[in-house]
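Just passing along the structure, written as structure tokens.
For reference, chains read A, B, C, D and E in written order, and residue numbers begin at 1 within each chain.
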Amino acid sequence: MAESEPTPSSNPVLWVAKPLVTAARQFGKSLFRPSTIVYPFERLEDPKFRGAVRVAPGKPIGVGQVWDNYRGVHALNIDTCISCNLCAFSCPDLCIDMVTVPGGDPRHPKKCPQIDYGKCSYCGFCSDACPEGCLTMTTRYELSVSKRADMIYSPERLREVFNAKLPMSPIRVERPKNEDAILLDAPLCIGCNACARDCPTKCITMVDLPKPVPKGGEKLPKRIWKEPVVNDSDCVRCGTCISVCPKECLFWGTHR
Amino acid sequence: MEGEELSRRLVGKFPAVVVEPFRETAGRVRFPPEILLDLFREMRDGLGFDHLGQVGAIDWVEEREVFYTLWSDREKQYVFLSTRVPASAPHLESLTPVFSSANWHEREAWELVGIEFDHHPDLRPLLTPTGYEFHPLLRSFQLHEPEGLEVKVRDV
Amino acid sequence: MSEMWINMGPQHPMTHGLWNLRVKIDGEIVLDVDPEMGYLHRGIEKISEDRHYNEIITLMDRTCYVAGIAWEHLFILAAEQALHVEPPERALWIRMLSEEFQRVASHLMWYAAFVQDIGLMSPFLYGMRDRDLVLDLFQSYTGGRLTYEYMRVGGVRNDLPPGFAEQARKVCDWLLDRFVEYDRLCSGSDIFHRRCDDLGVVKAQDCIRLGITGPMLRSAGVPRDLRKDRPYAAYDRVDFDVATAETADVTGRYVVRMEELRQSVRIIRQALDWLDKNPGPVMADNVPRWMGAPYAPVGREGYLLKREYPKGVGFSAIEEPHGEALAYVVNEGGEHPYRVKLKSPVFVNLSAARHYLVGYRVADIPPIMGSVDICVGEVDR
Amino acid sequence: MGRLSAAKPVLTTPAAAPTAEDSPLPMATEPAVPFIEIETLRAREFLPAAKEALGSLLSEQAQGKLIRPMFNWAGRNSLFPLHWGLACCAIEFAAAFGARWDAERFGVVPRSSPRQCDLLIVNGTVTWKVAHKLITLYEQMPEPKWVIAMGNCATGGGPFRTAYSVVPGVDKLVPVDVYIAGCPPRPEALLDGILRLEQLIKERKE
Amino acid sequence: MAPLSLYGVANTLVSTLLLHLAAVLPAPLSTLASNSGLITALSVLLFGAILLGASLLNTILLIWFERKMLGRFMDRRGAMHVGYAGLLQNFADGLKLFRKHTFKPRDADGLGFFSAPTAYMVTSIVMFGILPISTGWNSGSLPLSLLLALVVFSFAPLFIFLGAWSSANKYSLIGGMRSAAQMIAYEVPILLAVVAVILLSGSFDLSTIVAEQRNYWFWGPLFLALLVFVAGMLAEMERIPFDLPEAEAELVEGWNTEYGGMLFAFFMLADYARALVGSYLIVLLFLGGWTMPGWVPAPLTNFPLAGILWFQVKTYLVFGVFIWVRASLPRVRTDQLLRVGWMRMIPLALLSIVLAALVVLAKCLPVFGCVPSVGG
């Protein structure tokens, strides 16, 4: 049974003795160095707070090494981005759109994520889902604007955050072991090369099929005699080939 | 108290009751809507399930299911009871005479999924914005991003 | 003075959230009470029917914003039962550690709000300062201060960073002697006892009849705690005792919550020792493929299912800092849950407002409401 | 999960049932609370004699150079926000007034009555049910007033913007001066937003 | 050196100014310099201006002192970024409130709504003129200055109630009733405690009271009266633990819910002016005003403005105790407050009068080593 406080003391002076003494002790401790961090000039991620837990009376209270995997504004490395749309698919708030990045050959424009920070809830799903690790979350948290449109960060602005070299999260997310692979439902495929063309990591190669000899009178199906083969180690499981295939003959499955 | 022992004691009194095992609880009881009140009186007084956990409702498009959770301090276990009412006439007897704490639960089930609880003390809307005459948790209600609202600009 | 209805409306320093208490008073005495909810009803259950299982975690954090990770834990237990997935051993212990840290943070937030209602001004600052320490620990391993998005179906997002246990033990020591200081500031002063003794009394039988759970029930002497009666995560392998009090009034709830703070620190220490000794995986390996974000998510237009996925139903009940919270998830084999039903303990505790408010004075309403520890987010969902 | 495109609903819904497009937008149809109709006595008319006297004594340009900057300095260094928390951002709003990030250093003291406030920090999800109460509070605040939309729920509805009961952004109800991104924004981000508002007041010379 | 008096300073200032002015002005105006009626009028005006200015600055300094000390109790820094260490913060608050619009709710009655704060402000500012802070500081020997001070001090509940009732708001109505009940309940013990002081000092004039305390301060023999007086002052100033009318938790802002802008600035400034005046009264009646005990070394007590400085130091120490109490105690409920006021405070005050009488009796036989002129 929890020991509750003794019944209130009868002597009126003792009524208020304990709280007054406690408040006085706190006054003494924080007279010269209260535990306030003077924000614009001192920041919690400054090195002097980073060390150990400053959990001593009168010191600015804080726990060091707090900042490594704080989920703040994103940083995008446009060069390593393979525009596989995984971040856009995995965002629960639909705040990532793939926009074309200027530069590069006009026929195949490169698409990179543009993030609208008015809708993003900083959940970190996109940085977990990014197979190349080019979209990571930095520890920058200040983002206050006077116009709503300034909150939409184009890929170039995200690259500037990347160039600012802010500390990023060292913790990588363990992916489940039983990832499925892309399987082919052979008879349906017409060899149209759509999946190989659109695969972001170019891990689908078209292998030519031996043209079967038409036995008896039945007609050969009109198709290109090629078949996609998926290189399982490079595949980032982005599902673009499944959604792009006109005949819907690719599907998730396991090799067992 | 596992599923079979509960079914043995219940089926004796209520033949129309179906009891099946349910992981980590005393069992899952499916009962017809008519025997609601006396089944719950029996559960509370006879079997000692004296605390009503929750009253929830699910819309299965052609019929609507109402499920209850009871907790017994004696056996330290939950029991799950559920019944189904047709979507055309979603009427069900209110549980407030047996468990008075069901009041707010039933108000929420009524306004979200549209199950009319008869003889309920005051069936007013509780959560949805005032003057809202649609039951949002029905499958027929679709979520959409509201358009056509213009932004207020400051007349400096 | 004739009776008149006054609105302790959505904007009132006492409410600590968006709800309106319509009170009928005659002079100073409260005659009738009608709590008006729904000002923060965001339709979370409707939105979660539209999202993948792991994406619902972002909604659960924001359902009860003072006990975010406890609500994540609630939903994840139900979802794992519906999807037939078993998390590894270490993930269970990390989840229990997070829930106990969240209980400390939630009770400190309660303490800061409760004492401010009685008139004490400085403990609000002490409470928030010490709560920031716990939030720093959360931030070092989940990445967020208030919204963690840390638990996944099948385990947790990542393991504890190196050097976390040593800092956590330092914070526990700091907190333990702060609790002594809180007690001296509050229950040490006689004015607190005069203000809070036999106020808002809810006896044991009334609690059970009204369905009240959590510290309000335990302050009436009923030692009911889901962590002991129906252990989940790793609570059966940790020893702690259930805090109860006899007086069933505001002071009793204060004593119960302060005792629960100490018990939580005790559990945290045991969990830290166990976690140090047995490293291991934190994520199950039979997580179903089509789980969606953040693993390889499915295509935008939906998933070309070539095979039927197992249906299932999940039910979970945890001892959330405010009381017993229940969750019920129906999985109809698709990528999204067919129905998610959440029950919040404060929803029931608040529905019994007429029982513990009528008959007291207007000046007593804030301490009583403070002792009920209302988190409006989980009531309105 | 093409959930939001109305064209291809993922939910298994029978075609016949009325969709949300037919039902009117769930505006709060409850008549606005008959709040006190304010007979505003603008301070400027309140002292017409003093204005003319001052005008004649100091030239308009000197008045602009001396009086307006002084009041501008005073207005931006003592912003009194309304003591009102809506949702999760209210917890970070309270933490900003805690011991570690003391917002009172900038003269920001939360007041309970809208009469004495000149800054409305909307910290949380605005639902249709609370919409007209928020507008009432905004109108009760005396004139030089500003609004900070703290967090994504106030900026654009945040994670709940598709919900049936949530206003997608408080700028649909009241004019907003500063938007703070974050879900919830850190207390430092709130302080950064307040400093940006002070900068804005200085530039706009209000 | 003749004791420095504020009126003397003002007089010399005005006369020298007029002399210089006369030398410059053409013939008919130069006779002004010697016109004694004009000199006294202008010097009285200047004397009033200096007094008012100094007192208001002192009040604003008191607000700054409270915000910083309360911050230190709460382990945080008070106002910091406006002016050096937050000194200009209260000027910024005042200026901003001065410029805001003044709302009059539709069914609030104009006369009461506007007159209440101004009257409340006036009665608090007038107190600075009555209370002498050092020998020459102001009106000097006014025979019934203590009685006048207490009468003006007890006007406040009327204006608070007027303001509360005329702002037609349920919350402020309840708050106004509570504050009126509380202040009236606590005025009686204050007056009785003052009677004990008068018994010992023999006169209503504050200057003679302070003169009496030359060699021993009254808080020694009248400790019980001091306690009653301090509790009464806490209730009069509506500070925690007796600040129920303005209790944020229940009634939003208590009786000043409807006041914004300039009117709210009047209420706030008047609140702290009354707090300063309350501390002045405690220091004058019990802590020996501007006199210094013998053991303080000579150089510290005879520089020209020693009296005012020591008086201010004592006042701020007394107010520090009030801040300490505010930072550590919860609020008392209304009925407990009134019960303590009527049932506990008045008997204690009567007891302190009896004790004072005993002390006066004892003075005939020098027990305490204190030999006051009265009755000797």
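Just so we're on the same page, a contact is a pair of C-beta atoms (placed from the backbone, for glycine too) under 8 Å apart; a residue touches a chain by one contact, two chains touch by 3 or more.
Note that the structure is predicted; figures quoted are calculated from it, not measured.
Student: List every chain that touches both subunit A and subunit C.
Tutor: Chains that touch both subunit A and subunit C, as defined above, are D, E.
Student: Let me have the rounded angstrom distance from the C-alpha centre of subunit D over to the C-alpha centre of subunit E, please.
Tutor: 39
Student: Round to the nearest whole Å and give the separation of the Cα centres of subunit C and subunit D.
Tutor: One centre to the other, that is 29 Å.
Student: Distance between subunit B and subunit C based on Cα centroids, please, to the nearest Å.
Tutor: Taking the average C-alpha coordinate of subunit B and of subunit C, the gap between them is 23 Å.
Student: Multi-chain contacts only, two chains or more: what residues does subunit C have there?
Tutor: Touching at least two other chains: 12-13, 38, 41, 43, 46-47, 50-52, 58, 120, 122, 124-126, 129, 132, 147, 185, 189, 191, 194, 292, 298, 300-301.
Student: Considering subunit D alone, which of its residues make contact with at least two other chains?
Tutor: As it turns out, subunit D has residues touching two or more other chains at 3-4, 11, 83, 98-100, 102, 105, 112, 127, 129, 159, 161-165, 169, 171, 177, 183, 186.
Student: Please set out, as single numbers or ranges, the residues of subunit E touching at least two other chains.
Tutor: Answer for subunit E, listing residues that touch two or more other chains: 71, 73-77, 80, 248, 252, 327-329.
Student: Give the pairs of chains that touch; include all such pairs.
Tutor: The complete list of chain pairs in contact reads A-C, A-D, A-E, B-C, B-D, C-D, C-E, D-E.
Student: Going by the contact rule at the top, pick out the subunit B residues touching subunit C in the complex.
Tutor: Going through subunit B, the ones touching subunit C are 22-25, 50-54, 56, 58-59, 67, 69, 71, 73, 76-78, 80, 99-101, 103-105, 112, 125-129, 136-137, 141, 143.
Student: What residues on subunit E touch subunit C, complex-wise?
Tutor: On the subunit E side, the touching residues are 70, 73-76, 170-171, 174, 240-241, 243-244, 247-250, 252, 326-336.
Student: Which residues of subunit E touch subunit A once you look at their complex with the stated criterion?
Tutor: Residue list for subunit E touching subunit A: 69, 71-77, 80, 324-325, 327-329.
Student: Of all residues in subunit D, which touch subunit B in the complex?
Tutor: Listed in rising order, the residues are 3-4, 6, 9, 11-14, 17-21, 23, 25-26, 28-30, 127-129, 161-165, 168-169, 171-177, 204, 206.
Student: Under the touch definition given earlier, write down the residues of subunit C that touch subunit A in their complex.
Tutor: Within the complex, subunit C touches subunit A at residues 51-52, 54-55, 57-58, 120, 122, 126, 129-130, 132-133, 136-137, 139-141, 143-144, 147, 149, 154, 157-159, 161, 163, 167, 170-171, 173-174, 181, 183-191, 193-194, 243-247, 251-252, 255-256, 258-259, 281-287, 289-290, 292-301, 303-304, 306.
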